[in-house]
Structures are given as C-alpha cells and as structure tokens.
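One chain, chain A, appears in both complexes that follow, with chain B as partner in the first and chain C in the second.
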Partner chain A sequence: MKRTIFRNQLLPWLLLAPQLAITFIFFLWPAAQAIRQSFLRQDAFGISTQFVGLSNFKALWNSPEYLNSLQVTAVFAVLVTVLSMGFSLLLAVAVDRTIRSSSLYTTLLVWPYAVAPAVAGILWWFIFNPTIGIMPYVLDVVGYDWNHISSKTDALALVVIASAWKQISYNFLFFVAGLQSIPASLREAAAIDGAGPVRRFFDITLPLLSPTTFFLLVVNIVYAMFDTFAVIDATTEGGPAQATNILVYKVYFDGFVGQNMGSSAAQSVVLMGIVILLTVIQFRYVEKKVAY
Partner chain B sequence: MIENRPGLNLLAHLTLMLGVAIVALPVWVALVASTHTATDFMSGTIPIWPGPHLVENYARMLDAGVSTSGTPPVGTMMLNSLVMALLIACGKIAISITSAFAIVYFRFPLRNLAFWCIFITMMLPVEVRIVPTFQVVADLGLLNSYAGLSIPLIASATATFLFRQVFLTIPDELTEAARIDGAGPLKFFRDILLPLSRTNIAALFVILFIYGWNQYLWPLLITTSSDYYTIVAGIKRMADAVDGLPQWHLVMATAMLAMLPPVAVVIGMQRLFVKGLVETEK
Partner chain C sequence: MASITLDNVGKVYPGGTRAVGGVSIDIADGEFIVLVGPSGCGKSTLLRMIAGLESISEGTVRIGDRAVNDIEPADRDIAMVFQNYALYPHMSVRQNLAYGLKNRRTPKAEIDRRVAEAAEILQIGPFLDRKPRALSGGQRQRVAMGRAIVREPAAFLFDEPLSNLDAKLRVTMRLEIKELQRRLRTTSIYVTHDQLEAMTLADRLVVLNGGRIEQIGTPLEVYRKPASTFVAGFIGSPAMNLIPARAVPQLPGSAHAGIIGIRPEDLTIAPDGPIAMDVLAVEELGAQRLVHGQTGGERLTVTMPSDAPLSDSLRLAFRPGSLHLFQAEGGRRIE
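Right, the complex of A and B next:
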C-alpha cells in the first residue's frame, strides 16, 4: 500500500479503460455466454432454443466419450508432468555439479521454451512417422512395431513426448534456481556427517526443493491440460479412437466441428471450474510455500 | 561442490550431454530433412546428414510456398506472425502498465472490483471460452484482421501484477519529491515510473513476444483468408495438404523458419528471458 497517492478520480478510470474494456468484451461476456448456453439447448437448425436446466451437464456425465476424455486428460497430464519434471530435475542436478560449463549447458537446454507447441508436435510427428521417421526404424530393431496412426498407446506416447519435450526448459530453469537457493552449508554438514551424494540428495536436496517442486507441479498440470491443444491438433487430432482426445480438444471439436453448442458450453463451464480450482491452489498454497 | 568426486563429475557431464542431445534431436532431424529433396525420402528412412539443397528449399518456401496447400509464401506468414507478436507484446505491456499505475497510485471507488476483474482473466484461457469469444469477434467484424488477431489476447493479469509488484517497491519518497516539485500523475508516470521499470518492460517483452509468435488456436480460428495466416497456424495447414504426396523437406523448412525468430530471441537475450520468466510467475 502506498502512502503517497494522487487524488484524481477520473484519471485512474481512463488508465484502466483499455484493459477493462478488453476484459469485458473478450473475457467476461464470452464466459457469461458460455455459462448461459450451458443451460440451453438448440434445435438442429439453430432456430429455437429452450432452457433445459442441468441436462447438458447430466448428458456429459452419462457420455462415455466425455468420461473417456476425462480419463485421457488425467493420464496425459500425469505422464507429461512426471516425464518432463523428472528429466528436468536430473539435468538440473547435473548442472548444479558442474561449475565452469553450467552457463553453456543452460543455453543449450533453454531454447525449446521458444518453440511453439504446434511446431513441437510437427517435429515429433515427423521423427515418429511410421514410414520415414527414425524412431520407428530404431524401434523396429528392438522388435517394436510403432504406428501412432493406428495404435492408441503409440499415439498417446507421441503427444506425451512432444508436450513434455517442450516443457523441459521451463522446469529446468526453475529447478536450477531452486537448487541454487539451498545453502551449501547444509550439504556440507551432511557430508561431514558421512552422508554420500545419494543420501544427501534424498535427505537434504529433495525436501528443501519441495516449494519449487510443488509450484512446478501446478504449472505443469495447467500446461498439460490447456496449452497442449496445439500439440494434439497438429498431430493426432484426438485420435485414433479418441485415445488422445483431451478435454480442451473436445470442447473445440464439439463446438466448432460438431456444432453442438449446448454440450460444448457445458464442457467449457467444467473447464473453467478446473482452472479456477488450480489457480486457487496456486495462489493459496504456492504463495505460502510448502515449508520445512 | 562439497567433495571432489571425479566419477560423479564425469557422470554429470555425460548426463548433460545426453540431455542436450535429446533436446536437440527433433530440431537436428528437421534441419537435415529441410536440406534434401522429396526423392531423398523415397528410400525408406530419412538421411542423417544435411544435404545440398538448403538454400534452394528455404528460398522456395520464403517467396513462393507450396501452392497446392493453399498457404501463402512463408515470408508473408512470417510477416503476419511478426505483426501479431509485436502487437500482442506491446499491447499487453501498454495496457497493463497503465492499469497497474491506476491501481497502485490512486484511491477511487470500486478499485478492488477493477482489480478482481483483471485477476479473473487469468482463470479464463482462450481454450475454455473459444466458441463465444469467436462469436464476439465475428460480430465485431474483426475476422481476418490484425486487430482480431491481437486485441482479444492482450488483456493480461500476469503483466498487471508484475508492474504492480515493481511499483510497490518504488519508495514513496520519490513520489513525494515529485509532487513537491509540482509533477502531476502523468509526468510522474512518464519521467519516473517508466524509466525505473525499463528492464522489467524489456524482460516482459521477451516473454510476450514468444507468447504472441507461438499463438496457434486463435489465429487458426479467425483467419480464413490466406493473407492473414500466421506461420505457426499455417504450418498445420501445409502438413495436412501434403498428406497425399509428402513434401516433408518443405514442411520441415517451414518448421525451422517458424521457430527461428523466437529461439533467436531466447538465445540472444537469455538474461532478460530468464528474468522475465521468473518474474511473471510470481
């Protein structure tokens, strides 16, 4: 809170006007529309609409496709988060040991942040291309017949790898910062007490890193649930047989391609609920840090 | 470093080299693919080393493109992406810094409500309100325009909070001194706040430029005229169109061009980039 302020009454509104106008027109109004539409049903020609209460939500709850999408999203989010954070932590711990070359390694590891998710998807789609890609060729040597166009597992693996790859640099930077903030004296004390590197990692480093880990956990789940739309759309388009149809992709598909407004709006409302929940968790708990 | 263990140091370096190799793998493959001709892919697997057609493929994509895919030349799409990224980055910074100024330095009725309205945008990513937002933009006649590509995306709670934090750390004495010297709010904003937040603006710009350049869903929805295609959204259309006869060398050349500007920004301005990344997440 500032003690010294300016007394104008009109000026602050003028300063806020552009931001508030955009917020109302492109954020609050569409969100309100989505909520309104989620209680309505349109006939096939879009001529008449009627109020149907919660039936759009009930239809979702009874739809095997939607439940499948929920499950796919959960599996996808967990896999992306664990894979990306695990790999990044390994690299961050390794960089923490090197002294002279750490900035070189950092430069070589941070740039995937700048690659668009859609481009990341296209790159991995190409590498895993069943006819000309190098990975299926390598996998063929060990006896695995890779085909993400027909196999559900392969398709899911492909989008998980592409999405996790894109997020490595972000996690890496935050883990490095977290590791550097752990006082060296603690690890030295443990070393004097006879704890080896592995023991020190699990008993000192990992617990003290928990605020960073928790923060990244939330960020990665949000990323996997919402920012991976482009990865899916540029590669599998939700297929095969709904195996990679995550919630955000389904909202888009049902709304724009399927033209099922009521259902799409109800899905939007569910997603809003999830984002609000994740944001609240982030602000309530991450601010306070997971303390030791 | 706590103790000298050459074995562990070696392990750390090996891990990092492997990590760098894994991270770089897809881009290396794309780079290699973009230097060959279509016939080189017919043999079954893609080559491992670059071929001699780099200049030819890139020049072709930049000024002609693939006519069968209905996408304009890559040069045009890159220009569109640049315009969109700059409009989004500058727009977000401009409206957020003035909002933060209003919220921190003034007391007015409904100040908290305004603050909350901005905060809520954080909870409403484009992906969850696509259909109604598209309708609003269509009703306003903003489809196929730079305004439509950028304006709906420039509200920013994160940027507003960042500038609010910056302003809160600026000592009150400065404001008092400025007022005693007769400076009004706008003069104070221009001559004191703006110069003091210069590095924050630069750091934020780096992050927002990347954010703007990499937009996918929004440009895909609101551009139906190829004059306004952006490269990140256009590349998918191109990959779809070449399904019949795979022109992978051209698609990969486009992918390389699509990632070149933002990657160059990250590597060239690494310090600002890291600062921006850490600050926007607080």
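Right, the complex of A and C next:
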C-alpha cells in the first residue's frame, strides 16, 4: 500500500474530519446514548432520571412479551431467509439455463429491489386485504378464510411474504453472478461423468455456490431482523396480539410510542450485540470461502 | 475400444452461422487422431459434437457401430480432458477420479481398484487426498487424464489439454500423453492449434480450416505433400515459403502453377543457384539460423546451419523434387 507522509500535522485530521464527524454524530454518539440509557430509568414525566444498573435487562429477560418477540423474530427471520433465498435460487438457475434474453429476465427481476420497504408492505397489504384484496378472494375459492387482522398465522405469513419478496431481487443477482462464475466445463465434465441435471445441481453447482449462499444467508438474516421495520409498520404494526412484533419494531414501539426509554434502550443494546455477532460471523467465515 | 466414424457432419448455429460443414473421417480402433487448425476453424466444435456437448445439425457420428447423434454424453462411452482441466474444486483427487464411476454405480471395490491403477500409471498416488487447488498445473493435468482413464471408455477426447501449461511442461506432457495412448491403445481424438503438438502426437492429422477438412493424412504425408497452400503454410515451422509463380519464372513448373512452395529447409546456398535473395534479417536459433529476405519482390525464409557464410545477397538452390506447386485459384496442390 502507498503511504503518504504529510508534513503538516493538521491536514490529515482535516481531511478525515467529515467522515469522523458523521461516524461520531450518527453512529457512535447514539450508540453510546443507547448504552447509557439502558442503565437508567426515567419517571413518567421525564423529570428525574435514576441509575438502575442491569435491571432494564433483567426486566426484559422476565418479560413474556419480550421473549415472545424474540421467538417471533427468530421464526420470521428463518422464514424470510429460506423463502427469499430458495425462490431466488430457483429463478437464478432458470435464468442461468436460458441462453436467449437472460439479461432481460435479469433486468425485470431486479425491479422489486427498487421498491421501498414501506411501499412493498402496502402493496402486499392491498393484495392480501381481506375486504378488497385479490388473494383473500382466490383463497376463499379454495376454502381458506384469509384475515391477517385477526389471524396470527395470516399476519405472520403476510409480513414474511412482503419481506421475502423484496429481498428476492438482491439474492437473485448474487446467485446469478455466482452461477455464472462456475465454469461451464465443470458441468459438462459432470455430464460426461454420467450425472443428470438434478445430480449435477446438487453435486457440482450447489457446493460451488456455497460461498455466495453463506454470504446471502448472513445478509438475509440481518435484513429480516433489521430492515423489515417499514414492512411491519405499514402492514400489521406488530399485531395481532404481538404475532408480528419483531425486535426492531418493539424497540420503536416501546420507546417512541410507549415512551419507555430505559427498556427500549436496553432492547437496542441487545440488538447491537446481535449485529456485532452476525458481523463477526460474516467476516470470519465468508472471507474463508466456505467448502473449498 | 471402438472405431469412430463421422459421416458428412456439420454444425449450423441458430441464426445461420455455419461452424463446421461436410466433415467425414473414419477413425480406426486405437488410432490417435489430431484435429488441428487455427482458432475458429471449428475443431473444438467438432470435438464437442462427438462428445455430445453440442448438438449435431447435419450428418451422423458413430462410435463403434452405434449412431450417437441422439445419445446423451454420459451414454456415449467417451471421456474428455478439458482445456482448463475442469476438475471439481470441492472434491479431493480421489473423489474426482471416482465421480464418474460412482454415478454409474460401479461397485466400491472396483472403483478403488481402478483409481489405484490410474494413480499408479500417472504417478499421482501421493496426491489422492488433496484438493485440486493444492496441485501444480502438470499434476492437475494428470488428474484430468486420470479421470478419463478410470472410466476405461471407448475413446478419449482431448480439447487443447496442454495449452494452459508452460512451454517446458508442455513438451513433457506431450510425450506422456503419447506413451499413455500407446500403452492403453484407446482411440483418441485430440484438438490443438499447435502444429508441432499435432505433428508429434498424431497417427493421422486432420487439418481444418473454416469448418472444413483441408487434408487428412499421417504427419509425414501432410508435411511432404500438403494438399493446399493453407496446409502448406500451417504445418511445418518455420512455415513454407509460398511465392507467386510469376515472381520466380526461372523455377520449373512456374509456367502452369499459380503458387510455388518451398520449405525453408529445402533451400541451400549455391553460387550458381537459380534464386537470388536479398537478405533483410537473420534470426539465430543456436543450431540453425533463419535468414529472411526477398526475391523478385516476394518474402523468402531460408534455414541454414549457423556456420554458413552470410552476405547481403545470396544465391540459393532448392533440393531436387522439393518444389510444391499449387493452383492460383483455391490454392489446391498440383501433382
């Protein structure tokens, strides 16, 4: 790497200042505030603040609502990840097999990524709206009474579908790139070696795709846990009966709607811990090229 | 073990581009055939059609006595060595060798026996449990051949297998492939653009140009009696001098030939020789030197011993019977 020596001691700091300022004001300071606040308790009118140690965290651990939210988040993240990755892999393989107009398909399939999460949420909310939506009508024909306003399962299904749909484009792009980086001669060699299309996929393609798959796995979990706030907020608002109240949404709701700053801060500290953990996993293993 | 017959084989891509046309070759059981030609001449396409990786748009390919046009690559009983080796990077060498056998439900004991045998022949025993990325280019090349050998197929197909190796290793591996084929006596089709590789490996050469066969013959036949100016210029290094007959009216045959060909090694310095050459450049090769010059306004190259006397203009004689005459139109050979 090229090393530049500055004669003036002040200049390098000046050049770094904008980035440092942004990092400090928008990342480090709020994070520090959250950590500080997680040890405090405010009275109902916000007049006095009291240091309470770890009791905010203990309260979380003893709160059935929070434990429920943890569980909902886990189920939600797994479902979104599996659904969006599975579906996008399917699409990517299909496009990879297409010789003509594959770039057209690719372009079209990338569109959903440009849709804002809240809009995606609203879109699916309309499609699944029990009174005016098309899907409840179709489901009614096959004898299923869809109502995500009253049914916990339906509500969870709605937010999972809306969130997964938005992420398919992203996964698809990475899968297509991953597939195209596998030399055609490997699949040809396997074909001559007597492996049919299905066997080739599982023996050759899937293992060679594993670095991409692992990368996407982490990205999708992070997405499902943190970036789906707008989807939830625009559709179910965590309901019915906490069925779609994932951790990020609960942080917002308890803090800004419920005004319970101490608990909200403690929850964000827990989330921070999860992000740090996922990032460590990402850097540790993705760099090392899984499988081969 | 099988013979391979190509009968009027052609390839036309959707959109109408013709890659190969009217190719007929009879390949005897155990024969080593080399398809040679410049890039884009259709040699790889032809090989891939035999392998079943490209559909055959015209004609018939027979392996043994069975037409294979509509048979899957896996069922054609052939093995292929790819240019980039195409080793499965996530499998050990042993798994790479065994994969084709496992897919064919060969009994475990038989797989082990064949893998051990191939490892012995190719001296890759110590690497069996390594991944391909831990091997050198030459070792990967051996594993790729091993994967073909264990299958004990009717034919080996080689698609420029040496072009990713450095020059020195290429010469060694060339010899190894030749010895291996001698030993196994498996019908082999080998694609290369390197005329030296083609000459040294082939029982018979198939020279391709623009998707069509220019000439089929043993290396010496092709070298001694090139069927066209294309073959004459392609086979042999340094390339044959091809001079328009009107530039050298003093040579025999120049009256009825369009182009006269003389190999650089068939020219010698002779004070009373019929050809006068102005020397333009000299390349020293050690044992020999290449002298480039002009006669009658046309380029001419001569191979001579490195101790031959040099001057700015030389007189040259040709070895009797070494002139090749070609038609002006189409460049076909005149006997």
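We adopt the following convention: the second predicted complex is superposed on the first by the 285 of 292 C-alpha atoms of A that agree within 3 Å, B and C clash if a C-alpha of one lies under 4 Å from a C-alpha of the other, contacts with A are read in each partner's own complex, and residues count from 1 in each chain.
Methods note: contacts are C-beta pairs under 8 Å (C-beta built on N, C-alpha and C of every residue); 3 or more make two chains touch, one makes a residue touch a chain.
These numbers come from a predicted model, not from an experiment.
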- request: Mind working out whether A:Ile22 is in touch with chain B, chain C, both or neither, as first, second, both or neither?
  value: first
Chain B versus chain C as contact partner of A:Ile232, first or second or both or neither: neither
Task: Decide which partner touches more residues of chain A, taking chain B and chain C as the two options.
output: B
Message: Output check: A:Glu188 vs chain B and chain C. Expected answer is one of first, second, both, neither. What do you get?
response: both
- request: Have a look at where A:Ile204 lands relative to chain B and chain C in the superposition and call it first, second, both or neither.
  value: second
- prompt: Shared contact residues on chain A for chain B and chain C?
  reply: 188, 191
Message: Applying the document's contact rule, which stretches of chain A touch chain C when the two form their complex?
response: 183, 185-186, 188-196, 199, 203-204, 207-208, 291-292
Sites on chain A touched by chain B in the complex: 2-6, 8-9, 11-13, 15-16, 18-20, 22-31, 33-34, 37, 87, 90-91, 93-95, 97-99, 101, 105-120, 122-127, 129, 131-134, 137, 165, 168-170, 173-174, 177, 184, 187-188, 191, 197, 200, 215, 219, 226, 229-230, 233-234, 248, 251-252, 255-256, 261, 264-265, 268, 271-272, 275-276, 279
Statement: Within the complex, chain A is touched by chain C residues 51-53, 72-74, 78-80, 82-84, 86, 88-90, 99-100, 103-104, 131, 133, 147, 151
- prompt: For chain B, which residues count as touching chain A in their complex?
  reply: 1-3, 5, 8-9, 11-13, 15-16, 19-20, 23-27, 29-30, 33, 41, 44-46, 48, 94-96, 98-99, 101-108, 111, 114, 117-118, 120-125, 127-137, 140, 151-152, 154-156, 160, 168, 172, 175-176, 179, 184-186, 188, 210, 213-214, 216-217, 220-221, 232-233, 235-236, 239, 246, 248, 251-252, 255, 258-259, 262-263, 265-267, 270, 273-274, 277-278, 281
